[in-house]
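Comments concern the structure below.
In order of appearance the chains are A, B, C, D and E, and numbering begins at 1 in each one.
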Amino acid sequence: MLSEGDWLALWVSIKLALVTTGLLLLVCSPLAWWLARRRLPGQALLEALLALPLVLPPSVLGFYLLLALGPQGPGGWLAGWLGLRSLAFSFTGLVIGSLIYSLPFVLQPLKNAFATLDRGQLEMASLAGARPLDRFFSLVLPQSRAGYAAAAMLGFAHTLGEFGVVLMIGGSLPGETRVASVALYEHVEAGDYANGHRLALVLVAMSVVMLWALFRWQRRPGLTP
Amino acid sequence: ETLQVAVAANFAAPLRELVAQYQSSHPAISIHLTVASTGKLAAQIRQGAPFDIFLAADQRRPRELAREQRLIADSVRTYARGVLVLWTPQSGINLQPEQLERGRLSPLALANARTAPYGVAAEAVLARLSLPPSVTLVRAENVAQSFHFADSGAAAAAFVALSQVQARGGSLWRIPPSQYPAIIQQGGRLNDRPATRDFYRYLFSGPARALIRQAGYQVDDAQ
Amino acid sequence: MSLQLALTGQVGNLAIRAQGRLPERGVTVLFGRSGAGKSTLLRMIAGLHPCEGAMELGGSVWLGEGRSLPPWQRPLGMMFQKPTLFSHLDVAGNLQYVARRRRVSDEHVQRVIAQTDLAPLRQRRVQTLSGGEAQRVALARALLGKPRLLLLDEPLSALDQTGKQMLLELIARCAADIPVLYVTHDLDELLALADQLWLMEQGAVVSQMPLQQALAQLDGPLVQRQDASAVLSATAGRYDPEHHLQALQLAEHGVWLPALKPLTAGDPVRIRIAARDVSLCLSRVTDSSILNILPVEVVAVRELPPGQVMVQLRLADQLLLARISSRSRQQLGLFPGQSLYAQIKAVALA
Amino acid sequence: MSLQLALTGQVGNLAIRAQGRLPERGVTVLFGRSGAGKSTLLRMIAGLHPCEGAMELGGSVWLGEGRSLPPWQRPLGMMFQKPTLFSHLDVAGNLQYVARRRRVSDEHVQRVIAQTDLAPLRQRRVQTLSGGEAQRVALARALLGKPRLLLLDEPLSALDQTGKQMLLELIARCAADIPVLYVTHDLDELLALADQLWLMEQGAVVSQMPLQQALAQLDGPLVQRQDASAVLSATAGRYDPEHHLQALQLAEHGVWLPALKPLTAGDPVRIRIAARDVSLCLSRVTDSSILNILPVEVVAVRELPPGQVMVQLRLADQLLLARISSRSRQQLGLFPGQSLYAQIKAVALA
Amino acid sequence: MLSEGDWLALWVSIKLALVTTGLLLLVCSPLAWWLARRRLPGQALLEALLALPLVLPPSVLGFYLLLALGPQGPGGWLAGWLGLRSLAFSFTGLVIGSLIYSLPFVLQPLKNAFATLDRGQLEMASLAGARPLDRFFSLVLPQSRAGYAAAAMLGFAHTLGEFGVVLMIGGSLPGETRVASVALYEHVEAGDYANGHRLALVLVAMSVVMLWALFRWQRRPGLTP
């Protein structure tokens, strides 16, 4: 049905989306917690700044990221430190780009989920002997399931569909940085609609299944108040 | 009166100069550009985009559109021929084939052959070279992005259009035209409005050709 | 282990001040008007509300020298004023949450479930519990972790009579081993449980005294109440199995009180006598249903407008209260030092 | 306007059934064990819980013929078991929310604020209120909209004695105009307010009767309680301003009760007499502090193990209860039809 | 500082972002309410489908939208009905495209905000005499402020930065469909970095101010529990 190259691109896409979403959930959990619970003077400004990558067109953001990840940018230094040639045109670089670009989509739902947690129950958990980390896993996480589902779904879908940034910093290397969205773009751009429609269909079908599973999980009975 | 010109990305910069020149003698006409890839513009024209003139980066789309009677058939002409170069922003770098085949220069950037005519040309050049497998090839959406890859330092060198880099420093290998299929950029009109005809005709005038050539294209054998 | 504390803090405009000691065992009732700061003081002791000062439980320092033990390291059981159950867990899950972290055995959990009668509710989502059921779960959760201090904020307010009775006994059993700080507005609960009384007024603990002393005070806060009572110490005597009456020795006088089981003769007993259950009589009446008639001496009389007086009486070396109408007072012509008889209905003792 | 209802519904495994009528005015106390379904029944009446059957208030149909009036069209005031204040509004905002929608005047709002003593809390965020304060706000909000039916679910459970007293009076004043359905586990509240008693057991309203009748029943649920009481109807007599005593006429007998203000002579009065406050005597004692000594006749005697009996007495044509020890019963040799004297402490009347 | 054309593009961008965000908030409010409160069998599937536009690369989505909005698609019919030439290449068309593309970003935060509302308070509002619509404005809206802020900010920023869809269905007509992101893309694409950086700077600065104001509003005291 699909060419081998397209299947490979799909696989890279899914890997990228899963890795990015996973990392974002990890990174955003403490950040969102901190934003939801503290009230510091510059906080609103910080939140606005974190959302900024969104307002730039993806390929322009990609351009700036390329400068940052290239040998002259901080990314070059980081790459050297990691023993990599360069972060541009590598899967690692893609992940970094996607992290920056999809961060607000994961951060905001988590922040709101944390802000609506019942303070009394958090206190009760402390009194039951739960240390902060234990409390996070035993209370915060299960009670923020809807927020995590929304965060995961927005982050996942957005990373899957993004290609402006990805193309710019990835360079479309098959098996490494050529993702399904880039492949799909190429088909459509080249006027190869038959392959384009097919790939779009598979991408969409796969996403439906994953998102549907996610929403089912979110709505598992016993959750909503 | 307003003209809307759809132009392939690589020709946007020269076209702006052409427009400026044209408007100095036709102040009443304002000309707007829509810059995108040839493929996008073609798709838009098929869906009735309100363009007056289409300047593509290849000859395939204008012909197709003419066949579909979206473009006025006898208006389809070659307005420029692209010149492919291999470029890097660092000066004093040898970009000749012998040097490339040593595999020191990596990654090399080029436009995607499926989405950009310059990509087709670059692939042809690469096919003649025997690059060691250690050389990574990164593919850009179009020549503009290919240029960014090299300009940012992320790629060691990039296949780009001469028009993009001739005003810049760095090192350059001007690839002999025999090594790649000609990059024939054709255009066409979508309607017969006088203003459209007038500006389109201007693109093939002497001063315009001089400007295009200056910008890094070949126009010698333009029909 | 006793809890020693000297705390100051702030909530809104209210300054909270408390200094004192909860004895090693027994219930200290924290009493005071709504808004007096009772819940806040409990939260300060638990480490949930910022405060300064010093606090230690049986030698382990909870607060002091600029350091404050985090709540999860304070081995206490607490019940907030509202049940505050973990909403993502069922009833059993709520109990397990504490059990795992406080490392109590499964048998212990089962025992507490039985004691609080929660077995039928085990698998229920907490959102579906009735008010009283939720309160029972919250109490079970507070008791479960074998705490070394119990902080209970109106723990029985939503319970029916039967449930209340059952849980009062359970709390009393806990208080046999550890200190319990107990907030309530209910005098029945206070009388049933309290050993000590802390009175809170506008944020400050203004008085601390044993229940007996607090109750007998003519100028205390309790005398005004409909259900003002005195508590007396007595010694168990013989038991009348036919009528389920227990004899008690109050100094040289005998008193009868209904009791299901005999007490061990010679054991000390605490009996409560409501002021409204005591009537005064100049002579000893013999043909009434009132079992207990004791010779007493008037200590002091206080007007309780409108139309009532509270009479403080000495019975041997203990104090008793009687609330009577001003008219009766006039008829009896009460004066300090006067000797007369106090009639106490046996059923009023509990 | 009276509320007529015949409802069936379901909550969890519990089938709810209720059929009856709330009279045009007065308090009907809904009594029953925790989990009996009281809160659910209130929610059904308010239109918040699905149910079938029929219901109408003073001729306007709330439920029936497959149609159900939505809650916002039912002119009722309700208090849930927990305060449930609007968390985005301050105290004044919570009251205004109702005031605007029920179109009551600003003076009325101010009056209710004064009656519930909420003036100092007006600008406070509801999250900062103490338990009792929140409950007062919730009550004020329920009363504010000039409802034609009040549904109150344990409205005073978190209040101190003084607050409770004040709000009991307020609720009683409301009940002079509209029907009130009142859930409580507190016998004091029941005695102070109830005109009618509905008893709920396992989801069903199993008995409905006037308070007086419910109280005097020897086999009812209330007789078992420590604070079992009888209620009697009397007529106001003269007032003794010196001792703040009000004379009442109970058939041909006089009774004294403490009262701040004189009642209008000839007005009907309801007095409550706790069984534990009644002692029995074979002869009339004259030198005791007990003001009220009334000739009664024994109707029935019921054993209340351990060691107590409840005696049902006829006073003129009304019923009185006395709880005494089995031993006293033996001494007095009680038998149905026996005449003797009931001693009632004046202060026990309220 | 900026060319006239760029200022015009900025203005179109802001207009588009505001209109889109406003419409999305309108459309998503009842939809999110319905999703948060009901539990119907196909609901998880519906939610997954609503999120699908995200997983397609923007320009591919734009391509499909172009087909749908063009004269041969349903959009053409709708356009005729509305008396418009065509929905493609018009501001109206851009709005439609942006609505579809940014919908999940507005829907999800609202849905989660509604799902965490206290049921008891909603009931109390009914008993106070508030009809559903009144109740929505007087209770649901103010208590969902954090959710609305997140929804507005994600929807706004995403619409502002999007250009793949916009370029495809808009055609970059000055004053009508040429938005700042497209203008920025063109600058960078043409290697005109000076103008690119300037426009990016203005876009970013403006966004910071707007987002910052939004976050300030969200955190106004008296909100968090």
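Heads up, the rule we're going with is that a residue touches a chain if its C-beta (ideal position, glycine included) is under 8 Å from a C-beta of that chain, and two chains touch if they have at least 3 such contacts.
These figures come from a predicted structure and were not determined experimentally.
Listed by label, the chains touching chain B and chain E alike are A.
Taken together, chain D and chain E share no touching chain. For the pair chain B and chain C, the distance between mean C-alpha positions equals 91 Å.
Between chain A and chain B the centroid-to-centroid distance comes to 35 Å (mean Cα coordinates, whole Å).
Centre-to-centre separation between chain A and chain D, using Cα means, comes to 60 Å. Shared interface positions of chain D, defined as residues touching 2 or more other chains, are 82. Annotation for chain B: residues touching 2 or more other chains are 40, 43, 145, 148. Among the residues of chain A, those in touch with two or more other chains are 59, 63, 118, 185, 188-189, 225. Inter-chain contacts occur between A-B, A-C, A-E, B-E, C-D, D-E.
Residue ranges on chain E touching chain D, taken from their complex, read 118, 120-121, 123-131, 134-135, 138-139, 142-143, 222-223, 225.
By the touch criterion given at the top, residues 4, 6, 9, 12-13, 16, 32-36, 40, 43-44, 46-51, 142, 144-145, 147-148, 151, 164 of chain B touch chain E in their complex. Residue ranges on chain A touching chain E, taken from their complex, read 36, 39, 43-45, 47-49, 51-61, 63-64, 104-105, 108-109, 111-113, 115-116, 118-119, 146-147, 150, 153-154, 157-158, 160-164, 181-182, 184-185, 188-189, 196, 200, 203-204, 207-208, 211-212, 214-216, 218-219, 224-225.
Chain E meets chain B in the complex at residues 59, 63, 66-67, 69-72, 85-86, 88-89, 167-168, 171-174, 178, 186, 188-192.
Taken together, the chain D residues at the contact with chain C in this complex read 12, 32-35, 39, 81-82, 128, 130-133, 136, 153-154, 157-164, 185, 187, 225-226, 240, 242-245, 256, 258-260, 276-277, 279-283, 285, 287-291, 305-308, 322-332, 343, 345-348, 350.
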